[in-house]
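Okay, so chain A shows up in both of these, paired with chain B first and chain C after.
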Partner chain A sequence: MKNEFYALLILVILLPLTACNKSEKASAINESDYSGPPVKNDWMISWLSANPDTLNPVLNTDGYATQIFPLVFDTLLFWDAMTGKPTGRLAESWKISDSGLEYDFFIRKNAKFHDGSPVTAEDVKFSFDLIKDPKVDAAHIQNYFQSLKKVEVIGPYQVRFYLSESYFRHLIMLGLYEVLPKHIYAKGDFNTLPQNRAPVGSGPYILEKWDQGRSIELKRNPDYWGLSVPEWKDSYNFERIIFRIIMEESVAAMALKKGEIDILSPNPNQYVKDFVGPEFESKYYRLKYSTPDGNGFRFIGWNLQRKMFQSKKVRQALAMLLPREEINKKMYKELMTLSVGPLPQGSPKLDPSIKPIPYDQEAALKLLKEEGWTDSDGDGLLDKAGQPFKFEILFTAQSDEVERIALIYREALRRAGIQMDLKALEWTVFLKDITEGNFDTHMMAWGSSLDSDPYQIWHSSQSVKGGSNRIHYKNERVDEILTIARTTLDETKRNKLYQEFSRILAEEAPYVFVFERPNLLVASKRFRGVLPIGVLGPDGDKFFTPPGLELYGKLEAQ
Partner chain B sequence: MKAYILKRFLLLFLTLWGITLCSFVMLQLAPGSPLEMKIQRGKDGSLGEKSAVSEEVIQRLRVQYHLDKPILVRYGLWLKDIARLDFGTSFADHRPVISKIAERVPISLIFGISGIIIALLLGIPLGLLSGAHPNTWLDRSVAFGSIAFYALPSYVLGILLLTFLGGGEFLNLFPIYGIQSDAYSSLSLVGKILDRLHHFVLPCICYSLGGLAFIAQQQRASILDALNQDYIRTARAKGLPEWLVFMKHAFRNSLIPTVTIVGAMLPGILGASVIIEVLFSIPGLGLLSFESLLQRDYPTIMANFTIGSLLSLAGIFLSDLLYVIVDPRISFD
Partner chain C sequence: MRFLKQIPKLAWISGSFVFLFVLLTICAPWIANNAETGHFFPLVKFGPETADIFETEFLAAPDQVHLMGTDYVGRDVFARLVHGISNSLYFSLAVVAICLILGTIIGGIMGFFGGWIDLVLSRVMEIIGNFPIFLLQLTLLAFLSQGYGVLLFVMTLAGWIPYCRFVRAEFFKLRNQEFVLAAKALGASRTRIFFRHLLPNSLTPVIIYVPFDLSSTIISLGALSFLGFGEPINVASLGELLKQAKDHFLDAWWLAVFPGGALFLMTLSFSLFGASIRDLLDPRYSD
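Then we have the complex of A and B:
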């Protein structure tokens, strides 16, 4: 109350002062397309929500540096944002043996690291060998690369990978791994190298300055070898790319509106609350786009070792009791898409006939009754064999978004005679509890990746400690599908298998699939090349500023 | 006096040892482990594809980080390193803890010290002013203002300041994040100082307001107390002018309790305010300890604890010594 009063007081005092602020310069943005050559001296300023631990791609676990790595380092391949297809980066071409167990990559002979030395097969082998080196602190990817048996240098520009099994994601795993210069990173203890804070790669940008906790500044690599490749001639149009580290979301939003940040991927809350209005949209692109594998999804996962959640009908009923339409309206202004499975609607891996489960208390109660859950003692709670229907939901105390969903769900369950207690935990404690199976149900989100593989979450072999099948889901047909799909390199056949898998999941309802996490982007309209959006989203490498609209380069020229 | 100082000094180390032992044990007993956290934490509250880990990997890491040994053995090892002033290396990024702390100390120090100085410079006169005119309109408004600002969480105050004075939608007077602007390195010396000051204004207001209100109220109470003493009556009786009575007799005596408070505020200099640091994106010590707690980065947390407790103890020690200086009646002999 008191705080509101002060807010009001300050507002009243300041209101007259703000009038003079309105006469800001009119924005110089016109929507007309520009097709000439891009200006090369502008800067792009982006947002990071935390200071990364390290800028070594092998050691980094916190994920904050993932935007920076592709600019400083090159990978063997990249997936073209426009077409969604694999394209050679360091690799000129590649070849997969018929068995699917050997991958050969042929490295471009003109590829060079920032210090001018050539990128060779030795560097590639060195980079991949780091994963298996017990002295390297890379436990987070060791499991991921378990099937990689050996890397062999065939010639100075040819490298061969031996894998223990055939798997459709191997090309992605090998192709999107950063290549480090051996002659720099092989010196001394890899975990404590000075280069972990001053990376040296072969990419289009060079680290200029890392101001701890404040900003990371990249400068264009003037000798980037990739500029000789015709397709990339018009890429990398910014003289500098600066990542501002601002920990508080609302401050980042203010900074964007003040023009001190040019581009950021907002969370849904910011997108519908902070970044709205005609004035905002006249200055910024405000984009929501879909990609084949989406941006992950939020879910409520039942611990299937608990007896009350072992019945399919009970789980279906619990899914019907989550008022997702209401939540979407109240919290997200209907921005979100109701999720029907682990992949976004419209994905070729998802059976298009699956429809979202609507909120329906009556149908839910009917299903529960069929399973023997009724209010036999008249205390307002459903019960079965003398046991009341009550359980606890765990979630992380990180964002109030999750808590608000849980509160609305609790209320809806209460109306149906089910008691759900909320338990907000700190990340570390939450992880420990769900890893040890110490929960009734939990709410969290899965991220997504390029051509994601549901094996890790849904195969029964993954329900061991440390595995990701934390709800202990087990279905023989699902196990079979997931195992076959892994070795099916033909995409059409694989998608067919995954469609069947998605139907089984929809029927069995082991998770309540809550919302798809949308891909969101807010970017200054001074940039061109943001539209059209490609299969995998906008292609940041091709953004540019047309002449006359550049903000920063001019400053330098003076 | 010397004997007293020596005794206090020894006690200080004993207390410090007790504190570190307790915090070490409590820390290790807290649920969660740095290893799982390191491997599985997601950037935005989601888990990623690579997050699965095998038990053997975890076990191997446990050995590597000495987490397989009993707590007391680990404490012994830690103590041995500390005795050589070695705080170990961070679990999070393998850097020596001491250099992580060293790069943040100046930042926290500047804000912490200037916060206290501003609080003292404004708080003491305000307290004197209201103490000199008790129960007047002036006194009541100072009291109201200080209690309100003391009660206002610094987070709320910070957001208000940012929104109205820096956000651009109302006023655009101050920068809203960081401690210097992009062009900092190209500025002249005067420009650099002005640029820093410009960035310091909003966070400094946040840092100092709580302390300011507290000091003002404390100073008001103690000056009122002093003014009621017999020696004041004596001073007035012998015909001293009121301002001399006030400044020479009442003021000096009323400072004693304030001095103790300053001693108690000293440990707060280094990273007392995680919230302000997060809000204004100031990479200070408070933020470091908060982050390392979330990551269960034991070496960094312990270093922070140790330095923090050392400062607290030193602060108490210092304020005890200050007593002697401001109040000649007190002596430790």
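Then we have the complex of A and C:
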């Protein structure tokens, strides 16, 4: 799992270039109703929900620019959206030593930065060395690269990474890290370089204009080295990719409907409310797809340092009191999947026998009674040893979805004789409170990443300040599983371990796992190549406009 | 009776609206409540805070059961509207009352003593008065915990200043007039002069300002709730309904129309009522 802050934001703005595998049958688009080669001068207009603070991938902490980095920069590897397998980008090939502690990457000799200079092993070493450089503000990613001991240049086009332990996510971490040109980024103070606003990489697009708070415009790199690679010949078909920055979701939805935005990843609320109707579907792809790692999940996490939440039965009862089916029906029109754990249903890491917990007030009250919670003084509130069942839930004020779920949960709890007070906070205040353990319970969402590792959220060593185990969950078997799984490179064995882990979590109910966040995408039907959807989602690099349907290239020609 | 005839029509209309809103405010618990008592009262059997999560649809359009539809978690909009009006009027009255008392006392002290006390307090007043107060309120509310106490503090932060200015100016004007000098010469104590002679004679502008202040306080309370910084979450308020309307303006018009209309009517009638009182009391404004 990525840094939670990062992850939450990715959730909101998930890009077409990340992840998926089954498409909704509803939108049957005839892929063959065009002929001729893709038009090369159309534009694609996308949406950013906020102005990123920097376009330097090493320094960026807000996550808003994650859609832009893969277009401007290249990484050593990429995960092919169609197959879901690692594929070489800057690296022509790679080799992992038997011990799993040494990774060698062989860089393509024709790879060039935007200024024409070649990409070499020196640039790769420079980019990775930045993480450990005390002068660089990269604390937010240092955690993930703690086991990276040394980067060594073996030859001009060969680089070797030395790691202190074997870990199944190492290839992902090393492979998906942006390579920066040393001769440009090594000059001056890295944190304040002008290139942080005008990035120089080796990717298929070049930053043309950054109109602060309004838009970021990318132009195709005409000399992109990758076009000589046969598999990528049909990629990067848009002359410009423009990201419009619109803070308000409903305004972005309107802009899409007016045709001012071509593509965006809506939140579930918008998807069922704003992007519906035959007219809409005649003009736009409306896709919901699943990916092996999902798109994260929403949860309610109990502070296990509070006495009332330390009982497993109480937590199970509280989980039974959330009417998720009702919420799904009335708020989401059945779009959501009830979550059973930190991973999406169908994931090989999840025990398929685990079923979602249904709303059941009677069973919940029975469990609570067994634990001694009854309404002994007749005031309508459950109590135990003179203490009423009363607690407070924290959440962030920014989304109306969270507020609605909290209000509904509050009402359902009230009917069972439990008082839950709501407290909506600004993000910074919220984060401070939950990292300091200053909460009874909180509602939040975790994003997901490729082959995510639950270690950071569930291992007891992570319940320190700054760690992500904020509920102070501790289970010896879970600790053991998570530690072994990290170094288990065999996927089947690892999945077995995670299945056991998921069974323990389902039994112990440290979180109420609310909903899985579906991967959603809305895109103009002018584009082709959106379908079929690959294992990791639609392949944004391969989208194109067939002749006659282009919107923007023509305008410019006039 | 001749006096009554002199009152313009506008004052009658705005006055009756003000009366209506006050009545609504006081009677809110009898108008909409989910307590199962009485045959006739409450008129509407829905409480403002209880969501009918299982019984009703969310964002259902107005019908015979839910006169103004339901909100995004199935609460009755009419009940929330009535209690929202009630809450905002009670709260605004509290804010205005505190501002009035605070402003009058401080302004009185400044005007009565003058000198360095006046000088120091005037500077304090200028500093607070020149702050972008709405932004300050938002910042404070974002970092302090939600609740009526904090909200009251934040909203009275600068609200006393106009009252203070009025009272101070009146005191300055009055304190050298013959009746005050006469009282002094007769050996009246300072307290007596302050409370019996100066204060009652300086309250006219303060009283005139109250309805205007009330209407602007209702608006700013609405604005704060709209931004999610107002009343504690779940408490019925007009701003909160409008906040919901912002996200659902295409699919739930009733969330925007009713609370928006209520807020408009409320502030308009208070302002017009204030204007009418001013015209009646102040000879300079009458034509």
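Quick note on the criterion: the second predicted complex is superposed on the first by the 522 of 558 C-alpha atoms of A that agree within 3 Å, B and C clash if a C-alpha of one lies under 4 Å from a C-alpha of the other, contacts with A are read in each partner's own complex, and residues count from 1 in each chain.
Definition applied: a contact is a pair of C-beta atoms (placed from the backbone, for glycine too) under 8 Å apart; a residue touches a chain by one contact, two chains touch by 3 or more.
Since the model is a prediction, treat every value here as computed from it, not as a measurement.
K.L.:
Answer with first, second, both or neither: which of chain B and chain C does A:R404 touch in the superposed model?
P.N.:
A:R404 contacts chain C only, not chain B.
K.L.:
Between chain B and chain C, whom does A:A412 touch in the aligned arrangement: first, second, both, or neither?
P.N.:
second
K.L.:
In the overlaid three-chain picture, which partner chain does A:E426 touch, first (chain B) or second (chain C), both, or neither?
P.N.:
both
K.L.:
Considering only the touch criterion stated at the top, classify A:K273 as touching first (chain B), second (chain C), both, or neither.
P.N.:
second
K.L.:
For A:T396 in the superposed arrangement: first (chain B), second (chain C), both or neither?
P.N.:
It touches chain B, and chain C stays clear.
K.L.:
By the touch definition at the top of the document, which applies to A:R214: first (chain B), second (chain C), both, or neither?
P.N.:
first
K.L.:
Per the contact definition in the header, classify A:G63: touching chain B only (first), chain C only (second), both, or neither.
P.N.:
Once the two structures are laid over each other on A, A:G63 reaches chain B alone.
K.L.:
May I ask you to name which of chain B and chain C touches more residues of chain A?
P.N.:
B
K.L.:
Does chain B (first) or chain C (second) touch A:N328, or do both, or does neither?
P.N.:
It touches nothing on chain B or chain C.
K.L.:
If we overlay the two complexes on their shared chain A, which of chain B and chain C does A:I141 touch? Say first, second, both or neither.
P.N.:
A:I141 contacts chain B only, not chain C.
K.L.:
What residues on chain A does chain C touch that chain B touches too?
P.N.:
Touching chain B in the first complex and chain C in the second, residues 250, 426, 429 of chain A appear in both lists.
K.L.:
Using the touch definition from the top, list the residues of chain C that touch chain A in their complex.
P.N.:
For this pair, the touching residues of chain C are 50-51, 53-54, 57-58, 72-74, 142-143, 145-146, 228, 232-234, 243-244, 246-251.
K.L.:
Along chain A, where are the residues that touch chain B in the complex?
P.N.:
Touch list, chain A to chain B: 2-3, 6-7, 10-11, 14, 17-18, 21, 50-51, 53-54, 59, 61-64, 66, 134, 137, 139-144, 191-192, 196, 212-215, 242, 244-248, 250-251, 254-255, 257-258, 267, 296, 396, 398-399, 402, 426-429, 431-433, 435, 444-449, 452-453, 456, 462, 464-468, 517.
K.L.:
Okay, in this complex, where on chain A does chain C touch?
P.N.:
249-250, 269, 273-274, 323, 326, 330-331, 397, 400, 403-404, 407-408, 410-412, 414, 422-424, 426, 429
K.L.:
Where on chain B does chain A make contact in their complex?
P.N.:
Touching chain A from chain B are residues 31-33, 35-55, 57-58, 60-61, 89, 92-95, 103-104, 148, 151-153, 156, 159-160, 162-164, 166-172, 176-180, 182, 278-283, 287, 291, 294-296.
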